[in-house]
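Shared chain: chain A. Partners: chain B in the first complex, chain C in the second.
Take a look at the complex of A and B:
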């Protein structure tokens, strides 16, 4: 058990959801007779859920600062609709229309941010207002009729990486390269980290064999998914929306974990007054977080319209709820200050896999909804229970370590 | 240290190699999906033949294509939601009739959410469906997934609503939507003459959900009958709202229609009687009647659509003047007929009309709806024991 712990690298709680996700995928794969783990299904899983996961990235930061943004769905729908209308009625080239949509996201974000940061109105109220406003505006400007989007946007919403190079690899070579980059980067950072641990005096250095085993295991996993995504029907690969999501995940993971702004976000969420006293500009942090959220909402809207091939008057309806659910399943605290990008993505994927798996089994959307609701509640209850009682998680119990007790 | 570094490097290489090894396990790309390969090829050939046939422009030629599929193949049915009776009926009938024909029916409803429907269609492709029948939530927003279906060699049929903005659709089964509107308009005129004495009559107009491509067609059809009478002064739209966008009811939501009727009555009918209202479906029709009752008006002549149970009762009681039945039975039967033809390898049956969907001209299999008033209700529902039960 200690061996496994060393390989995983100490903090076991974060693996609970990953484990749940893996179990879900395997169970659904068995029940559905192998239809879950197929290239096309996983391609669909990513391109069909990228918009929610992108919203969840921004939502995590909003929730970490102790706020909530209810307007993201409406803003996504509105920016997507403006983009489609601008391209159709004003003959804007597609890239200009995309920039316009992003600019709208930024402006809306500044609007929300202004009321929250400068006037001190709770985010819930501010964004409830924006939610209504932009839902109304979408219907108003579209006159409730769907608007076809420029063809080029298909690439962002449902496109694939190019095919090139030798065929003996048996898969899409772009995906292969992507997978290799992933493995090399992972190994590089693991080794760098290991070296740094060794240099810190008195620091605990994981044994080399554990680091190497970790690298091999993760490489095998990345390798498997590279193969899964790359070996689909010719012309398909790791999907473009997935790639956009991946890039955003890296950016936001770095932003929240490695920058001053990121630390300010957690500081403000943890204790606003203490943060202010230590020199953190609280209102600036609020403003930027809300602005960022709405820009990501615009990105989500663009991707969705690209995949749907048209912007519809009902786009974005209740997307905010899916994003919020992902964040909380990922273990963020309702009171703010706690939560990570990676865990949120895992939370979002749990929802997506659940949805996908139940659909593959032919379960109706009514029952799916009930199950998703229960999972959300169970995940959060499990988390809160563990924290309040200072108990180790199920995983912690399994490994019988004393480490979790300190965290409580 | 040097030694250790060498170790890392070798581990790294091993890791990278594992990717290739894993790739090797899957064999060639085509091999990994060998089970669907033959089906895809067949479908591509089918598509080619169909294209060729279409170029010749001979309807008889177009029907001769395809090699069919297994008699117990999976058929995917994706419905927009189950919130109105006709969709619930469609769900039951499809399940029943497809199973009776020996197919495996996979019927799902999308809760009025486009992303949900997209994912459901994808899961049907994953489940190996040979035909996917789609009653779209929004007919313009399924382009990518339907093209995915086409690439996988799946036939795509539109059900009840046109599928727009994509070339990945083989045909649409629906009731003539402009024709439905004409019948509604004519029924409104007939009703006014029968129940409200001599004109001119005060009327108001309601349209359906604008995201549904049928809704503007209903309205256009109805207006083709009503507009001449409005111009002649026999009909007066007191509010002056005669534009589809003014009259539309977002999402076919009854409560929104009721609110609009409330405000129309409050604003325009404080000293007038309302004689008739054009309603695009039964739910909205009942909302309109309720609003009129609440405002203390005599019940106007109200049209409808779908022959929902409650409205059938209201027609029978004389509260709602008429409804238009689009027997779900007929629609499902026609769809199943097409599926059987595809299964037997006879391709898409002959059709009479094509409609442009923004990308291609889609074959439309049109059925004729039936106006139901108190006078002919028993006749129309003679073969429908459930509804006949209501006429008592």
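Take a look at the complex of A and C:
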């Protein structure tokens, strides 16, 4: 037991959610007769959920700052629709339409941010208003009819990494390279972190063999998924939306853990008054967090439209709920100040795997919804119980802030 | 069995947390109808002991036994201890500001007829209770409209409504001004006559000396001493010696300042209340501080000391009306906290927990929080620089902690204050404003903070120290300004001032 703990590097309970995710995948794989762990299923799982996970990135920051954004689904739908309409009716080139969608995200974010930051209206109310407004606007401008999207966007919504180089590797070489980069980065950050642990007086340094074992295990895991994604039928590989998500995860993990702005987000969420007295511009932090959220909503909308090849009037309906659920399953606190990008991604993947596995088992969307609701409650209740028993939050501090992400 | 003259006896109480023995075989005996004071440094185990007594830590989670009025008690929760007649009033008041006095007093114990609240009866009883605690207000007054001193009295009235026999007051006067404190102590004497025993936890030795019948000193989770005293004839130094386990010859370190040029000068500073228009919080305040000088601000609670300091610190409080600030002789306009920090001002707020710290953060993140620019490498925060800074201050200020990675919420009050001071020293300010820097921390830690203040002055910083404790100001600072109702009413060198001369200026208007 102690050996396992050392390999995992700290508190076993921190890994509850990761463990739950692994168990879910394995159980679903067994029940569905091996249909879970197939290249095409996992490719679909990733490209079909990337947009929710992207929303969750922004939502994590909104929730850490002590607010909530209910408008993201509507904003995603609205920016996707404007993009499709601009390309069809005004013959805008696809890249200009994409930029237009992002700009709309920024403007909507500034709108939300203005009410929250300058007028002090709670985010819940501000974005409840935006949620209605932009849902109405989507239906209004589209006249309730789907609009075809530019062909080029399909690459971003459902494309795959290109094939090149020798065939003896037996898999997609782009995916292979990505996996190798992931392994090298993980090993590098683990070793760097190990070295840093040793410099903290009174801190606990994991033994070297544990770090090495951890690197080997995670490398094997990344290797497995590299193989899974890279060995599908010809023309498929690691999906482009997955790659975009991966890049955004790295950016936002760094943003929240390693930049002044990220520190300010946690400071405002933890204690607004103390933050203000430490020189943090609280209202600017609110403003930027909301603006960022809506821009990510636009990105999600673009990817979704690309994948669906058309923008529909109902696009984005209830996405905000999935994003919020991911954040809370990932252990963020409703009162703000607590939560990490990586834990949120694990939370989002739990939801995605549940969706996917239940679908493979032939469970209807009605029952799936019930099960997802129960899982959300159970995860949060478990976390709250652990906190109230005086223990540190299990999933909330998942992978302490000093650690770097896994990739693959 | 406990003898009949004892209302409470705690025997051999041991309470362990993972890795720490918070209480080690503690014994406490409290006589009927007495005022019993418990002293000890922060983290000595006083609060833990009271939590054991009141059932916050239920029977079975600690070792030892509790006898109350001759019977052994095994409380499972606070409700049980309250129904036995033991009530705690915590340092942080627990009233609901938006509700009335009556509603707060009967919160959780509402008087009902068939499920409906009997307002008439509740109000009638409230009036009685308020009379007992000497508070002459309308029972429908909202708590938010009352001062801290009055709220404290309502808390006591609430305890009385529960038929209390043993009242525990945790630092009851820490937020009160001198008048309210004296009033409260008088009330405790009255309660004693009415047959209510009080246990008082306090850092204020003069108060302990004034009213105690018995004193118990706890250090490092153990009872060091417990003896009966005669109120008014308590040897304060003896208590201090047993609290810290060493003798402190002088409560204030020796220091000689070498003031240089005036580096911080405020002229005709006027600030209006943000909530009550037309009400001035600061009226034409002018003062100056020299490099290497420690200047004290004396004033009663609500005199406008904090308001003045916070409005100087980037207009963080109230509405700025007029006035100028000169730093190193140059006039500056500080419109935000950010710009104040950039111009070399630091402000350590009076309320550590709500204004000074993000209790979710670790020590290392807190120490660098006010000047993140210093740990940037390009766009990114550099963890190595952060760690180096945190370690430097941990060593320099002797912050007692296993590691700088632990949360600030795990530290004792004195160590938390050292973290807050580190955070501001890290910004390398020229002007350091300390608002009640020693509130709620123990004698040993206070001494260390005083020494630190002296060191900062010796480095040529201008230090402003706001304090409610006059002996502290007289012992530490070089020059004292008095303030009353937003007006600076006097300026005295500390060597010429005494408590009386200061108090006079703190209670008169400048016109008088």
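Quick note on the criterion: the second predicted complex is superposed on the first by the 380 of 408 C-alpha atoms of A that agree within 3 Å, B and C clash if a C-alpha of one lies under 4 Å from a C-alpha of the other, contacts with A are read in each partner's own complex, and residues count from 1 in each chain.
Quick note on the criterion: a residue touches a chain if its C-beta (ideal position, glycine included) is under 8 Å from a C-beta of that chain, and two chains touch if they have at least 3 such contacts.
On a predicted model such as this, the values are computed, not experimentally measured, just so you know.
Using the contact criterion defined above for the overlaid structures, shared-chain residue A:40 touches chain B, although it does not reach chain C. Legend: residue contacts after superposition of the two complexes on their common chain; A:154 is shown touching chain B, with no touch to chain C. Look at A:338: by the touch rule set out above, it reaches chain C but stays clear of chain B. In the superposed model, A:200 lies in contact with chain C only, and not with chain B.
After overlaying the two complexes on the shared chain, residue contacts for A:369 are found with chain B alone; chain C is out of touch. In the superposition on chain A, A:212 makes contact with chain B only, while chain C stays out of contact range.
When the two complexes are overlaid on their common chain A, residue A:119 makes contact with neither chain B nor chain C.
A simple residue count on chain A separates chain B from chain C, and the partner touching more is B. No residue of chain A touches both chain B in one complex and chain C in the other. Contacts from chain A toward chain B in the complex involve residues 35, 38-41, 44, 48, 51, 139, 143-146, 148, 154, 157-158, 169-171, 176, 179-180, 183-184, 187, 191, 208, 212, 215-216, 219-220, 222-224, 226-227, 230-234, 304, 307-310, 312-315, 317-318, 355-356, 359-360, 362, 364-366, 369.
Every residue of chain C that touches chain A in the complex is listed here, in rising order: 310, 313-314, 316, 336-338, 340-341, 347, 349, 354-361, 365, 369-373, 376, 379-381, 383-384, 387, 391, 394, 401-405, 423.
Remark: chain B residues 4, 7-8, 11-12, 14-16, 18-20, 22-30, 32-33, 82, 106, 108-116, 118-120, 122-123, 125-127, 137-144, 148, 151-152, 164-166, 209-211, 245, 248, 250-251, 358 touch chain A in the complex. By the touch criterion given at the top, residues 196, 199-203, 254, 258-260, 263, 266-267, 270-271, 273-281, 337-338, 402 of chain A touch chain C in their complex.
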